[in-house]
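The following pair of complexes shares a single chain, subunit A, combined with subunit B in the former and subunit C in the latter.
Moving on to the complex of A and B:
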């Protein structure tokens, strides 16, 4: 049912543009991306009744490119994890051609592997975040779900690029997504990280190895590269993510929008009660962790920032020898949509959050690593700003698979 | 016993920058207007909005850093100072805790002994101002209103080293700092209007000791005089505590300008400071810094020295004419219109400045432009009108847009310098005041003054007083 998928649908008759690179395309977004006049609650009672005052910068761009924003789908509270998320269903049930959803720790990519579509997270900073109601500003960004790498590239071509309303974007040459349309016969070398593989169950790593043989048959090279502290990505994401989440959720006080408690003795009690009644247990736990690091264990946060820089440098070193890294997108028994504790959420995204910590582009190709009946998703992670090359590799692998079938 | 102690004072100074817009959005930087007129999704921190750091704010802040002799840091960054209060709806204040804009500066003041003393500045950082709370207790339920006009207004915080030893030094430091910052055009620096706010940290130690004891912070001084008085009060209070053996604990006290005492305020909550991921790092390359340095105006002490040299003002006149940038520019504009510099300085100091104050005007918005004042003073120098008439003409310059020449013509202020006309005046005065004439001839010199006065009055103030006196003396002699 459409109402089970869409939190809000645009009731105005769609103005189907005949011109523009995205003419005729339909897009679903999540309820945390601002569209003027739309209820925008980011899946949280803390944003109840909040109506966006203006379009997000990327909404402006896709509208101008001729696409129709069909509506917003249900999402996990503030975009953390996939509980209750219906973004991928909007695509697989053919309501829309593409979905834009926030990638906080790998949500679109894990979702893609579960639902058999392509999921993409661009390099940090190349897509404007203005109008995105986020949670972890230094790690999140808009991600894309679509049915082919080429479709992802066509949407990226429209939304990529500097925006004078998002000052956090770097002044650099942006990736050129037009070249993805003609997948090159690349002889790319993909790196396998044994420190990651050894965390998998036997059947999972067998499925992964099988996928690697397929990759080799498609004339890509495989090379072993090492990230000694692979397990630290998760810790770093958790500490920094919780701290940033605690800060960026400070504004939800129930004063100007969102749920406000029925009665309180003073403003302080009103804040506390409103917030207590607004947030779900998962977000509450996360914010509590963040406040703990901010107020009680700041050193842990400082260390996490330092380790994050080191991990980033280490991964960047690897790209001297390989064009991209290859991982499964998810674990067989870790169900992201059922994860109910912070620990379970991090279990479910343990393989995707590297790209968020390092700010690197990542794409997930479905139907590539099959373990029994479960699609684990083939995940590629590439160097910062090498988004187009990464999508080209994905397109190459996708075409190979299609050909084999 | 009191003299066995000395005070150790450090200041924390907030200066509101006078940029056209707020720090992170394009809202006008005008705090005094009707509440909540200058607000937008960014300064209200509505979901989805992102800060857009103003380059003008950076320039104004860098100028403050340069004029206070600081090292401008090549890299600086914003942090989130976390606390929850209704004046801060996003739960943190953007400030620079870990990587401030500027470090290690100094300012020289004249100490009580007349010697110059260099006082250290530890750091200068930028931060956003918070909303203003207006508490109303008239109704049945007291309410607090929030005015967001001030939310996001740019501030710099200047933190001194604990180098100050007396209320005098604190007051001098603030006076000098204010002059300098006003000179570079970064702020009006009015303590009364809140664009300059000074907190003082004070501790006491035995003389000749170099230890730093527990400090007490005092706040809420809204004038330089109150700053001096509050520090004096606090020093005496702490010495009293020491002598009577009461422990001094770290806390904050508020100055009460009515009762003229400090009293403890509720302990303030010190939140953590976390790096902000949304405002990019601020990189200041050397070339930008050098450019800003080149754009700094001539500072007051240099300017005073030049005024002595170039215009032959005496030292006091030169200091006065260079004390404010507007004043110095006005003075030079008048001088450039061929008025003798000392005449210009004298008239500006004794006539213009008081007249402006009376009318609540400034040198930049007064109708008495340098051009009009220069025309008037030229007529004085050319003996076309006398000083008394000139003062009258000047008052009329404030009310009409006529030229000084036209005013002189219309109101008949032209000075009578014709010898024949003056002789007629004198003859008339001599004949009607024969007793005064006799007194003078009998040796009473002051009768001459009376006769000059009578003749001036008869001319309705227009006679050339110098020539009048000459003719009178001649006729009497």
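Moving on to the complex of A and C:
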């Protein structure tokens, strides 16, 4: 049912663009990306009845490139995890050609592996987030779901680039996505992290090893590299994420927009009651964790940021010897859409957090790691700004696997 | 240095020209003219200009003077000279003279100031400086600097003068000042007590006095006949902008007196007090009963600086056919109104109908408002056609309406609604139409307050249970009759503000017994609460009565300050917090343990006791997110996990520089060089998503109740 997938559908007749690089393409977004006049609640009561007042910068760009934004899909509350998310279904049921989905912990990538499509998270800071209602500013960015790496690249080509309205973007040379379509001359070397493989069940790691031999058959090199503190990505993301979520959710005060409690005697009571009613249990527990670090153990937040630097540098060191790292995208028995506590959510995304913590690009290729009937998703993570190279490797692997099947 | 021959800056004048003087004080302001340095030297007495110039000042002194900054504390020696013609400064009292410095000693330096202290410009014609620009909390945090300002010094000096005037006057009248205890037992004033735990009697508490009521009455039993005290009182009440948790009362009580004695005494005293601020109050003060005050102004503290008294029009409409009035009168209601003389130009039809009838009156709690403009000798309004000729003439006569007047009427089934709405309307109109003359003071005695007030269950004392009723023959079981009883009480009101109140007290035990009966307080309860007090009345109590004036309020009114905090040296701020000392504050666990308070709350948590505190409650408060009992266990589990993760990161972190963003972002500002209003604000779009608006503002509940 289309109404089960779309939170809002644009009822105005689409302006069919004949020209432009995305002419004829249809896109679904989540209800946390602003389109002028659209209800935009980011999956939360905190933003009930909120209507976006202007277009997000990337919405302007894709419209200009000729694409049609069909509607917004249901999403988890404020984009944390995949509970209730219908973005991938819009793609697999052929309502749209591509989906833009916020990647806070790896949502589009885990979703891609579950639904048998391609999922991509660009380098941090190369796609404008102006108009995106986010939760964890230092971890999240716009991600993409599509049916091929080439389609991802074509959308990236449109949305990549500096935006004066987004103050969190660095001044750097932006990746050039027009080259993704050309197969690379030299075959890449992919790094395997045994500290990660160690965390898998036996059947999962067997499936992963099988995928590695397929990769070798496709003439890629595999090399073992080490990240001693691999388990800390999850810890660091949890501590920093909770603090940033608590901080960025301070704006939901029920005054300027969003939910306001029916009755309150005074200012404080209005604030406390409105926010009590605004947030679901999962987000609430996360915000309380954040408040704990902010108000009672700030040092833990600072220390998590110290470890974050160490982890990022450790990973960057590996790229001297490999072109990208390779992991499964998810664990077999951890269902991201059913996770009901913060701990379970982090279990479900344990393998995708690295790219968010380090701000690096990551792509998930379906149909590569099959454990029995479950697709675990082949995940590549590459150096910052090497998005195009990473997508090229993905394209190479995709062509190989499509060819084999 | 001995400071023995020190002269005061503000006391020197032209007659001192030629004298060599020693001065000490603070640098109020400086003006550097290269070689010549002028400073304003300030001590408590005033400001005086001191000149350091190579012409008369030794070079090493000039050099030292060059390092002077605002608020350095210094001593200067120099010769008084007449200023050159045209360089006088009329802004200061000593503006015709200056001191030519020959010696300077730097007593102590000052850090840069958090806000300017100087109030006097050094050059005439540049105007007086405004010293009140700093936020009040900043002023209170550095109160000792704020109090250096001449304006603040003047407030406290005047306060001292007023206190002294009170003491001198009452002394002359045979009153003696007796100090009553601060650590005492809860008194029946009705507000919450501040409690002080006793260490030697664990788990027992003193209360800080809300007033010395019981003690002053006991002093009358003791035979002092005339007592007074300028005394600090404490009430733990809800926050109000112009309220302090501790405040000063002039408390007095006298024996063998009646109301007239109090009126005479207090009028004379208050006149003298206001005189210190240069205000002459007319005597005798008019008097008004509570009933008349409510009937004609809707308030028990009427502001008499303007008229706008109510007239009653109920009888005029007793046979009316106008549906709304008819219904209201059938339900026993009443109709009252105000004649706003000669304001029909400012109160147009549109203002009356769309602003007053539709917005303002409903916000005062009224259901509607009837308005009529008088044009010629006719009434004009949207409903006047429903009134008979007789009714119209009756209205014109009752309100003495003339051409250009505006009549506003409120009709309601409830007398309280009519008087309350009309009372608020009266103040609103006076303010809006600028009917309140500046610099005028209109004192008033309001008398004969109701003895009791109704509560949901029964009745309660309007003042306190020791207030004498105006008659002694009443049935303590007849609620209706009790509510009609008046008391021998009186309030002093000036310009609509209650400055004090008191009463003649009960000195007959049997009458007191009857009052407690009427209040439904059992003998046992009476014994527990007031036993010690009532026992004294078994031993020949004299007839007595008294009054208490809120000194902070009185002084603030005399000096015309914007708040009572301006006349208190070290006040609490609007949140009952002291930014200077940061009181109130948490206390050490050991202190609570010593007082035996750690387990006082049983299973409930106590403030400051970390082991028994509720971390979820604290986080819920600081992050302003309410939770229900069902969510609590999940939050507890998440917090347990958060504590575990904190332990992990604290153990694993090394000395790396923290990384807050995965990329390097250079701070940058928005394009353009000046602040702009967002177009979305300009066109009102920003308001579209607001849950509640009032006009062009987001509507929110008030911060204070």
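Throughout what follows, the second predicted complex is superposed on the first by the 403 of 405 C-alpha atoms of A that agree within 3 Å, B and C clash if a C-alpha of one lies under 4 Å from a C-alpha of the other, contacts with A are read in each partner's own complex, and residues count from 1 in each chain.
One rule holds for everything that comes next: a contact is a pair of C-beta atoms (placed from the backbone, for glycine too) under 8 Å apart; a residue touches a chain by one contact, two chains touch by 3 or more.
Here the structure is a predicted model, which means the values were calculated and not measured.
Asks: Looking at the superposed three-chain arrangement on subunit A, would you call subunit B and subunit C a clash or a fit?
Replies: When both complexes are placed onto subunit A, subunit B and subunit C end up clashing with one another.
Asks: Looking at A:271, would you say it contacts subunit B, subunit C, both, or neither? Reply first, second, both or neither.
Replies: In the superposition, A:271 touches subunit B and subunit C alike.
Asks: In the superposed arrangement, does A:167 touch subunit B (first), subunit C (second), both or neither?
Replies: Both partners.
Asks: Touching A:251, do we find subunit B (first), subunit C (second), both, or neither?
Replies: A:251: touches subunit B, not subunit C.
Asks: According to the stated criteria, A:295 is in contact with first (subunit B), second (subunit C), both, or neither; which is it?
Replies: Both partners.
Asks: Return the chain, subunit B or subunit C, that is in touch with more residues of subunit A.
Replies: Greater contact footprint in residues on subunit A: C.
Asks: So, does A:118 touch the first partner subunit B, the second partner subunit C, both, or neither?
Replies: neither
Asks: Which partner chains sit in contact with A:50 here, subunit B, subunit C, both or neither? Use first/second/both/neither.
Replies: Once the two structures are laid over each other on A, A:50 reaches both partners.
Asks: Is A:285 in contact with subunit B, with subunit C, with both, or with neither (first, second, both, neither)?
Replies: In the superposition, A:285 contacts subunit C only.
Asks: Once the structures are superposed on A, label A:131 by its partner contacts, choosing first (subunit B), second (subunit C), both or neither.
Replies: First partner only.
Asks: Can A:95 be said to touch subunit B (first), subunit C (second), both, or neither?
Replies: neither
Asks: Where on subunit A do subunit B and subunit C both make contact?
Replies: Overlap of subunit B and subunit C footprints on subunit A: residues 50, 53-54, 138, 164, 167-168, 246, 255-256, 267-268, 271, 294-295, 305.
Asks: Subunit C touches which residues of subunit A in the complex?
Replies: Listed in rising order, the residues are 49-51, 53-54, 124-125, 138, 164, 167-172, 229, 232, 235-236, 238-239, 242, 246, 254-260, 264-273, 275-277, 279, 281, 284-297, 299-300, 302-310, 312, 341-343, 357-360, 384.
Asks: Note which residues of subunit C are touching subunit A in the complex, please.
Replies: 615-616, 618-628, 631, 634-635, 637-639, 641-643, 645-646, 648-650, 652-666, 668, 671, 680, 685-686, 688-692, 698, 700-705
Asks: Which subunit A residues qualify as touching subunit B in the complex?
Replies: 34, 40, 42, 47, 50, 52-54, 56, 129-133, 137-138, 164-168, 243-244, 246-247, 249-251, 253, 255-256, 267-268, 271, 294-295, 298, 301, 305
Asks: So in the complex, which bits of subunit B are touching subunit A?
Replies: Those residues of subunit B that touch subunit A are 41, 44-53, 80, 82, 84, 86, 89-92, 144, 271-272, 274-275, 277-280.
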